[in-house]
Amino acid sequence: MPTILGQNQYGKAENRVVKITRDGATHHIKDLNVSVSLSGDMEEVHYSGSNANVLPTDTTKNTVYAFAKEYGIESAEQFGIHLARHFVTSQEPIHRARIRIEEYAWERIEASDANSRFIGADEVKHSFVRKGQETRLTQITYDGSSWEVISGLKDLVVMNSTNSEFWGYVKDKYTTLKEAYDRILATQVSGRWRFNWTDDDQRMPHWEKSYEQTKKHMLQAFAETYSLSLQQTMYQMGARIIDNRSEIDEVRFSLPNKHHFLVDLEPFGLKNDNEVYYAADRPYGLIEATILRDGCEARIPVDLTNL
Amino acid sequence: MPTILGQNQYGKAENRVVKITRDGATHHIKDLNVSVSLSGDMEEVHYSGSNANVLPTDTTKNTVYAFAKEYGIESAEQFGIHLARHFVTSQEPIHRARIRIEEYAWERIEASDANSRFIGADEVKHSFVRKGQETRLTQITYDGSSWEVISGLKDLVVMNSTNSEFWGYVKDKYTTLKEAYDRILATQVSGRWRFNWTDDDQRMPHWEKSYEQTKKHMLQAFAETYSLSLQQTMYQMGARIIDNRSEIDEVRFSLPNKHHFLVDLEPFGLKNDNEVYYAADRPYGLIEATILRDGCEARIPVDLTNL
Amino acid sequence: MPTILGQNQYGKAENRVVKITRDGATHHIKDLNVSVSLSGDMEEVHYSGSNANVLPTDTTKNTVYAFAKEYGIESAEQFGIHLARHFVTSQEPIHRARIRIEEYAWERIEASDANSRFIGADEVKHSFVRKGQETRLTQITYDGSSWEVISGLKDLVVMNSTNSEFWGYVKDKYTTLKEAYDRILATQVSGRWRFNWTDDDQRMPHWEKSYEQTKKHMLQAFAETYSLSLQQTMYQMGARIIDNRSEIDEVRFSLPNKHHFLVDLEPFGLKNDNEVYYAADRPYGLIEATILRDGCEARIPVDLTNL
Amino acid sequence: MPTILGQNQYGKAENRVVKITRDGATHHIKDLNVSVSLSGDMEEVHYSGSNANVLPTDTTKNTVYAFAKEYGIESAEQFGIHLARHFVTSQEPIHRARIRIEEYAWERIEASDANSRFIGADEVKHSFVRKGQETRLTQITYDGSSWEVISGLKDLVVMNSTNSEFWGYVKDKYTTLKEAYDRILATQVSGRWRFNWTDDDQRMPHWEKSYEQTKKHMLQAFAETYSLSLQQTMYQMGARIIDNRSEIDEVRFSLPNKHHFLVDLEPFGLKNDNEVYYAADRPYGLIEATILRDGCEARIPVDLTNL
C-alpha cells in the first residue's frame, strides 16, 4: 500500500450542555460547549471501514450528558477530567482522550424594588442574563498516565486610549508608516495557559479561582504597561501570569492589533487632538508568542490560539 | 417607460467611530457604528446616472467623523439627531435622513493593588474592556419637520431556569409535543422602542438614563413573570416599559425561543430532575409582537426587529 | 389597561429539511430552511398566557417535515403555498400564515474516468457538492383569500472591473472624494421580487424557471450597463427583470457598494494602472430602491432586504 | 528573570488584494486574502519594547500590494513564495516567513443574447460573479534555505444520499444509537496537502493545475467510496490524492459529520422511506486524520485544519 495513516482522532464536537443546580430557590447555572476527541487503535476503521474498535460519536455525546448528572459540573476543567479519564480507562482501544470545552458566563438579573404587583423581589433567584464578555476555554488531554490541562479564553476585547507609542522601527523601501507617540492600543485577546498539574498524585489547582485570578492579572498587566509595542505589552501580560500563578508554567497569546486610526480632520478645518478614531477591521497586525516559566518546556501548539 | 422608481435611499453604512474624551487623566469612550441613509429628489441618478443631486456616500462618512469632533458624542441618539438635521437642512435635494447607530459598551479595567513595579494603580483611567453583552441600537429619522426616534437592543441573552410552563394548546394530527409544567425559558432579545419625542419644541428625553432604565425594567419583567407562554412574558416585558417610561409609546420584540430540552437519561439508569439540558440551535420558536400605549399608533415596522 | 397588543406573529423558524427523491439510481435533492409565522386570534396568549388558540410551534415544525413527504418539494414556492394554505384553512384562530424559505443549491459531482478500482462512474448519481453561490429566498403569505409571493436571493457577489465611473456629484465642505472615470463596481446582491400571482384561479408561474431566468436577466443587466452610479446599475437590474418577466411586478434591492480602492503605489516608485486594489470591508455605500411595473403598487417592505 | 520568551511571530493579517489583469478587453481577476507572519531576532521588542529589529506590520502590508504590481499574481502559491523570499532575504533579523493566503474564485457572467439595446454581448469580458464554493488556501514557509508549501481548501460541502452504512461498532452503557444500513453521508471538507517541493533547485509544481486536479480526485473519491464509516471515506479521499498527485506527500483532513437524521413520520401515519431528513447543526461528529505517502514524515500540524 503506497499510503499510510498518520495521526488521527474522532469524537462528537460541540455538545451544548446546560446544568442547573438548585440550592433551594436559588439556582446555579453552568453552560458549556463540550467537544470530545479520541484516538488509539483505529487503523482498521480507516483502512477497511470496520467499526469494531469504534465507540460511536453519539455515545460520547450521551456520556457528556450522563456525566453532567453523575458528577455535576464543578468546573469545566474538572468535568473534562472526568470525561477524559472515562474514555481512556473504559475502552481498551482508546489510548488518548482530548476534551475541549467552551464556557459561557451568566450573571443574575437584579430584582426590582419591592413591587407588590409582581412576584417578590427576593424570590428572583432563577433568572440570568448572559454576561457576554469573553468565552472561557479549556482543553484536557489524558493518555492513561499523565494529564495536560490548557485553559484560556477568547474574544476579550481591551483598549488603552493612551500610554502607547510605536517608533524606532526598521524602515525599508516599502515603509510609509509615521511614528506614533500617543496611540490607541486595542486587541481581542486569544490566550491559553498550561497548568503544571499533570499527575493524579499532585494537588489539583482550584480551577475557578485560578481562572478568575489569571484573567485579572492579565487585564491589569495590559492596563498598567506603558507600551512601546504590542509585543512588549503581550510579554508583560504573560509574565504577570507566570509571576503570580504558580500553577501555570506556560502562556500563549495571539493578539490582533485592532487598529484605531486617527481621522484626518484638517480638510474640514478641524484639529483632531487624539479624540476621533476610525476602528478598522482588516488588515490587522497579528502578534503571537509563548511566554514560559524559566526552565520549563513549551508544549502549547503554535496554532492552538489561531484566530 | 414601463418601469418606475419607488422608495429609494442611499448612504454610507457602518462607519466605525470611536471618540475618546479626556477629563484630565480620566478618559471616557464612545464606540459607535453609524449608518447614514438619505432620500429625496433622486430620480435622475437612477434613470440617467446623473449625480447632480447626489452627496457622495464618502461625504456622509466624513461628516460622521467631523461631527464627532464638532459636537462630541453625548449619546447615540443625540449624535444621530445632529447628523440627520444636518443632511436634511444643508442639502436641498435631500428630504429625509435616517441614521442607524449600534453602540458597544465598555467598562473600566480595575487597577491592581498598589504595586510599585507598575504604574500607580490610581493612574489607570484609560484602560477598558468591552462589556460584550447586548448591542445598543438607535434609529433617528428626520424629514425636516418631525422626528422619529426608535431605540433598542439586540443579542441580550436571558434565561429563567424555572417558573415557566406550556400546556393547554391546540392539538392537531401533527402535534406530538408533551405538555410542560416546569421548563427553562430562554431567549435572545431583539427589541425596539419608539419615543414620543417628535418635535424640537418638546423637551428631549434623557437618552442615556432612558436606555438604562428601559433595559432594567425589561429584564425585571422577564425575571418576575411566571410564564405560561413566551407570548405572555413578552407582553409583560413591553407593558412594563410602557408603564414605567412615559417617554416611550411603542415596543416591538422578536424573541427566539431558545429551546433547552431536558435530556432523557433513563437509558443510562439516571433520573433527570430538571438538571441537565441540551441547548438547541435550530429550529427555534420565534415570537414577535408590538406592545402599544393605549391610544397610540403603531409605527415600528414589523421587519425591523428581524433576526 | 394602559397598554394594548399590536401586530403579532409566532411560529417555528429555521426548520432545516432535506428531501431526497430517487429516480432509480439517480437521486435529486432539495435543501431548504423553512420558517413558519402565524397570526390571528392571539390576544389571550399575550394577555393571560392561555394557549387555547395556540398551535404549538413544535407542531408547525412537524408539519413541515410531514408535508415534505405528503406533497414532495417541487419548488420552494410551491412547498410554501401548501404549508400556508394548510395553517390558515385547518385552524380557525389562524387568519394569516407567512412562510419564509431559504434554498441551498447543489450540483452533481462528476464521475471519474472509468476506473475499475472504484464503483463504475456511471453509477455516481447520488453524490453532490453544494453550489455555494447565492441563497435563494421566497416568502409566501396567505390570508385565506389571496396570495402574496415574494422571491429573491441574497449573497450573490458580482463585480465589473471596468465600465464604471462616478463624477459630477454634489460637493459640500465635508467632501474630499476624487472623481473617478474608471473604477471597479462590486456589490453583494440582496434582492426580492413580487409576483402578480395572487389568486388560486390565476395560472401559477413556473417557479423554477422564473427564478433561473430572473437571476440571468439581473446578472446580465449588471454586466451590460455602463455605469455612472450604482443607483443607475441597480435600476437597470430591476427594469430588466420587469421588462422580461411578466409574472413579476415589483423588485426591491439592497446593494452594498463593496469598495475596491486603487492602492497608491507611488511611494514605492510604481504606477498602479488600474491593476491593484484593496477590497475594503467597512464602511460601505448602501444603495436601496424599489423598481415597479408602471401602474403597480409597491408592497415589498423597505426593510425586507435589510443586510 | 523568571520568565522567558518562546516561539513568537508577527505580521499583518488579512490583507485583501484584488489584482485585475487586462488582456485587451478581456479581464482576469485574482482575489486573495494574504497574511504575513515573520520571526527571527525578536527578543528585545518583547523584553524592552525596542523596535530596532521590527519591520512594521504596515510595511508588510505595503509589500503585499507592491508585489501584486511588481510580480503579478500567477497563483497564490507563487505569490506567497515571492513574499516569503523577500522578507527573509532582505531583513537580517528575520529568519523565517510564513505567508498564509485564502483565494476566492470568480467566474464570468455569461452575456445575453445579441441585444441591440445593450452593449454587445461579445464585449462583456470584465464582469464576474463570485463562485462562492470552497475557499482555496495555501501556506508558504521559508527559512532561508528550504520551502514548505501546504495548500488546501475549506468550506466545501459534499453529500452522498446513499451508499453509506454505520454498524458493528462498540456498545457500552451509554450507547443508544441504532445501526444504519442506508444513511446520508455529508461533510464540510477542511483539507490541507503538503507538497514535496522544498528546494529552489527542484522543478516547481504547476500550482493551478495541481489544485484543480487534487480537488477533483478528492471529490471523486468521496463520491465513489461505498462507505462503512466516515473514517474510511476520509482515508480514501487522502489516498486518492497521494496515488494520483506525485507532487503531494501528505494530506490532513478535518471532516465534520454533518448529520442528516431521518425524520420519524410514523406519528403522522406516514412512512419515511429515506426521503425526508432533518439537517442538524450541533453537535456533529468530527473525524480527523493525516494520510501519508509511505516513507514520508508527517509535518502538517494537527491543529492546522481546526474548524
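A, B, C and D are the chain letters, set down in written order, and residue numbers restart from 1 in every chain.
The rule is simple: a residue touches a chain if its C-beta (ideal position, glycine included) is under 8 Å from a C-beta of that chain, and two chains touch if they have at least 3 such contacts.
What you are looking at is a predicted structure, and each value in this text was computed from that prediction instead of being measured.
Participant: Could you quickly compare A-D and B-D and let me know which has more C-beta contacts?
Facilitator: A-D
Participant: Between subunit B and subunit C, two touching copies, which fits better, same or different residues at the interface, with half of the numbers shared as the threshold?
Facilitator: Counting which numbers both chains contribute, over half are shared, so the two copies meet through the same residues.
Participant: Quick one: report the Å distance separating subunit C from subunit D, using the average Cα coordinate of each chain.
Facilitator: Measuring from centre to centre gives 28 Å for this pair.
Participant: In whole angstrom, how far does the Cα centroid of subunit A sit from the Cα centroid of subunit D?
Facilitator: 25
Participant: Please tell me the distance, in whole Å, between the geometric centres of subunit B and subunit D computed from their C-alpha atoms.
Facilitator: 37
Participant: Find every residue in subunit A that makes contact with two or more other chains and list them.
Facilitator: 16, 62, 66, 174, 176, 267-268, 281-282
Participant: Select the category (line, ring, star, complete, other) that matches the graph of chains linked by touching.
Facilitator: Basically all the chains touch each other, so complete.
Participant: For a test of understanding, state which residues of subunit D touch subunit C in their complex under the given definition.
Facilitator: 16-22, 27, 29, 31, 62, 65-66, 68-70, 106, 109-112, 115, 118-119, 121, 124, 126-134, 155-163, 184, 216-217, 219-226, 260, 263, 265, 267-268, 270, 272, 274-281
Participant: Touching subunit B in the complex: which residues of subunit D?
Facilitator: Listed in rising order, the residues of subunit D that touch subunit B are 173-174, 176, 267-268, 281-282.
Participant: Touching subunit D in the complex: which residues of subunit A?
Facilitator: Per the touch definition, subunit A meets subunit D at residues 1-16, 35, 37, 42, 45-59, 61-63, 66, 90-91, 93, 166-172, 174-177, 227-229, 231-232, 234-235, 238-239, 242-243, 250, 256-257, 282-294, 298, 301-304, 306-307.
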